[in-house]
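In structure tokens below, several structures.
In the two complexes that follow, subunit A is the common piece, with subunit B as its partner first and subunit C second.
For the complex of A and B:
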């Protein structure tokens, strides 16, 4: 016997589940949301960048109450070798706008805040409860969920799976295959406490609201496909590195050792000096791109967020894709409900169509070839950053040699790094084509 | 005295506390950094809650959870409802801010009086103490104000006689275990590890998510004189807050080789003597005398 019947059940209270539940709650639907964490966000990885746009479309005045750390006024890109980094910065006072575009946040606090808005929208939220599997009727249509608590299944017209990257419920229920190691990155991250004033001085910021983001490529990933990152929060720094799970397995490098090396890099160590480590977390990131997206809908169910592999690894965007897919799913389901049409696979086609029209699938389609390109062209993570750093060194050192000789040496370095000029050109073409 | 006519009623006083395992002291200002530290129900209170629910399941009746705290303490009450409590009351008021144990037990006893007027109370439960204050004073303070028999550090409740309105229980005391029989109503503070907290059913969780939490201001809780609340009603003075230093320098691991235990012991002694040269002389002097 079912406990109760809802219009919709949302599995997960991360950005995707919250967006879906919020949208449906606002539309007047009777929604149950279930999360396994002690409180929403308790299982979610700390320290991230929030892209305002996706949230603003649901909660225009979120800045008034959401726990935001700093808005990003400067972005640095670093190419790392063992001793050096070469990079570029973009800093602009136009990021100091009335409605800043990107913020650093602490996910645990942010998710808790978001869940509060969801509850205020009339959604029933229960935590510390894990959904084990989907319940189907005789025709195979999904009609509810079974949890790890006693008391039987809970039924609903539709189940929205916002369960995150692992997607165990969908997998156990036979809706999607097991995650493939080459489609996910493992990210390890630490949060380090530093007094606000120290962060302000160290990163050249004017006040406690301005923040910096550093994205890092090169020796940080030890030859694996991956990147490092560092974000400034108000009173802490998030630092981490993520690489493909298949690469970790092949290289047998422990993730924490990789992060330790990154933290001890001469360009990074001074930024963390005197900091006290607050927490260490590890989490998966779906990075398979467009071709790794599983089946998204079926009779009585649909998938949103990381569970659907909606991450743009090139731009490090995930939470905004999660919120957008969640919102669009919520809108589609509210419309079906209003029209009195059931959430069958045929009727849910509107969800896929709407995603194709949005930046979500347009962007993932644009970068469709990138995951494969990166896997097949390790030189982008190894040789190139090293060559660029060496070239900068040669260019900057004053050692009595004439400039023409130096330029020739730099060019020779570029060529020998890839064997011949053809390969150098090929790398550029490949990247350009995958990017297009 | 017949009490059977009405339903058995326990009230469990709980407190929302910062998860002390995750608290940090600000290295510069020496203040406790609460921001971002998750809150939990004081772990000792959960043994009291489980015991109250166990009695309810055996003898019938209802369990009310009561807390004094900021509006967000509602989370703790909802969590208790999800574990299976029937009803929740939050007393919250700016004027409660800064309450010490005296002011807290005053406010709680007023709220308990008000709850009891609507629904007479048989047992007031509290945990042994809180993990953030560690005073163990609030339970006894409530008992004193309400004139209840005070049964602290209870290890087990053996029997409840509803007709005679008595309870038989075991209490840990310095010399061993006391078996006591008390009249009801009474106040019980439960020891840790005396029962195993249950997991609420899916129905409990759904009810908890939607149940109204009764919220009272100081006035609504029956407090006429705000001078007895909050900072003004709290004679406790916090003189200084500091992060204690580790007692010793960092421990060092030494590896000593020895064929027999005696040889190993000698090797360890040699190391110790090498570190503190006076020790050897002092010890041999003592052993000689």
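For the complex of A and C:
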């Protein structure tokens, strides 16, 4: 690679890196994007739900060409015990709108498409190239990157780190501390293929465009802080489970054993019947929330996406936060460039300020106390789902006993499960306060 | 593999990873163990159970070994063992390693 100078270098071609590169390319900046995959997307993993809003703000007509699986018309939330699930469903025909709100996607294919739009915006992309470290000048300002390709460093006015959850470049360049096991979840997922009509019938869908999302809490995580999920794609089902790395390390439960148990749960097994598994993946998800966000900017660099811990674990949102942080970073850098101001730490304060004004940091701040609450209150993943399922059983079974006796049994079961009524009340107060 | 409703299916790790695509960088593993004197740490030993690709195993001498060919590059091992100094972990060279079809 010849020594060349760019306005910006973007590390990574996931949702955050692509959003940043696209925005700067559209603004006429000279941008180099570097990804370590064979093609953009080949190293990238997600559940995956695409939230239209974040993408629409950059590419309003994305629906015409993007590889989308199904738009979500129904969301199920299940609390699981060993044999049962109790939950809520929300299904609405209003999700069958002209511009649907959420879609299931396959990230390897979607990211490839997004990267094509980025290149069309004038960005230079090099793949199969791993960034090793940042290059600084004598004053400590970041002035470029060193890759595993021959030819020495590549220089730029600013480096945008959209390198994903592991964030090795930032970490090894001393910009951020190492991730802590309690701040990341390990998720494993399998993609199971079925004929489109089978998925349509099994999930009660009208056509090949409608989809269902199931989020699962309870025995699926075997006492760890975690959740399971099942998403319908056009001709496949994505099924996975994720729990905190600190919990896996302590309990030493193999993640694939957890996934196998979930797949074989009586509520899930019929949904996967006859399916052919065609891929098994694992990935980390940043779940530390607001307090785990690292320093986001410095002289000549800024961080976007998962690398900045931008995931709302409560609402299972991540790719939209990635795209939004990437877009906002791109906009800020384009403005600085236009005004002829360098990307110093002081000038990059506009990025942090803009994030504070957006839903990204407002939401993460709102749920700031949730990660700690979940770690300290395992009963929310164990006792409560079990009690709720037992109570529903007692409520629904008709066995000659009178209703008042049944109610008393349900209440007794609730009290026994948590020791006393004070604990029951405390759980409710704790959740309400952390949620607020 | 096929998942029949009536039976519990628990695929072996080789079957599970069989469908994945990899470009293995022969002779240049991206994860290496730097064995500690006096035995492996509990963190390193935990990886035998919790590595999602089953890359870690115990050898005949009871020490932990790694074979990273099936690695899905999640980084769990790196984070669990960050304080022990027993892992030399880097991304595979550009273009090598796991290549997701669906992601």
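Quick note on the criterion: the second predicted complex is superposed on the first by the 432 of 436 C-alpha atoms of A that agree within 3 Å, B and C clash if a C-alpha of one lies under 4 Å from a C-alpha of the other, contacts with A are read in each partner's own complex, and residues count from 1 in each chain.
Simple rule for what comes next: contacts are C-beta pairs under 8 Å (C-beta built on N, C-alpha and C of every residue); 3 or more make two chains touch, one makes a residue touch a chain.
As the structure is a computational prediction, the values presented were derived from the model and not from experiment.
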Which of subunit B and subunit C A:143 touches, first, second, both or neither: neither
Touched partner set for A:106, first subunit B, second subunit C, both or neither: both
Touching partner for A:38 - first (subunit B), second (subunit C), both, neither: both
Which of subunit B and subunit C A:8 touches, first, second, both or neither: neither
First, second, both or neither for A:68, with subunit B first and subunit C second: neither
Which of subunit B and subunit C A:128 touches, first, second, both or neither: both
Subunit B versus subunit C as contact partner of A:195, first or second or both or neither: first
Touched partner set for A:154, first subunit B, second subunit C, both or neither: first
Partner touching more residues of subunit A, whether subunit B or subunit C: C
Touching partner for A:334 - first (subunit B), second (subunit C), both, neither: neither
Subunit B and subunit C footprints on subunit A, overlapping residues: 38, 42, 106, 108-109, 128-129, 147, 149, 276, 278
Residue ranges of subunit A in contact with subunit C within the complex: 36-38, 41-46, 48, 106-109, 111, 127-130, 147-149, 165-166, 168, 178-181, 184, 186, 188, 190-192, 236, 238, 245, 248-249, 252-257, 260, 263-264, 269-270, 272-284
Interfacial residue positions of subunit B with respect to subunit A in the complex: 24, 26-28, 36, 38, 75, 82, 199-206, 208-210
Residue ranges of subunit A in contact with subunit B within the complex: 3-4, 32, 38-39, 42, 106, 108-109, 124-126, 128-129, 147, 149-152, 154, 193, 195, 276, 278
Sites on subunit C touched by subunit A in the complex: 1-5, 8-11, 13, 16-17, 19-20, 23, 43, 46, 49-50, 52-54, 72-76, 78-80, 82, 90-95, 97-103
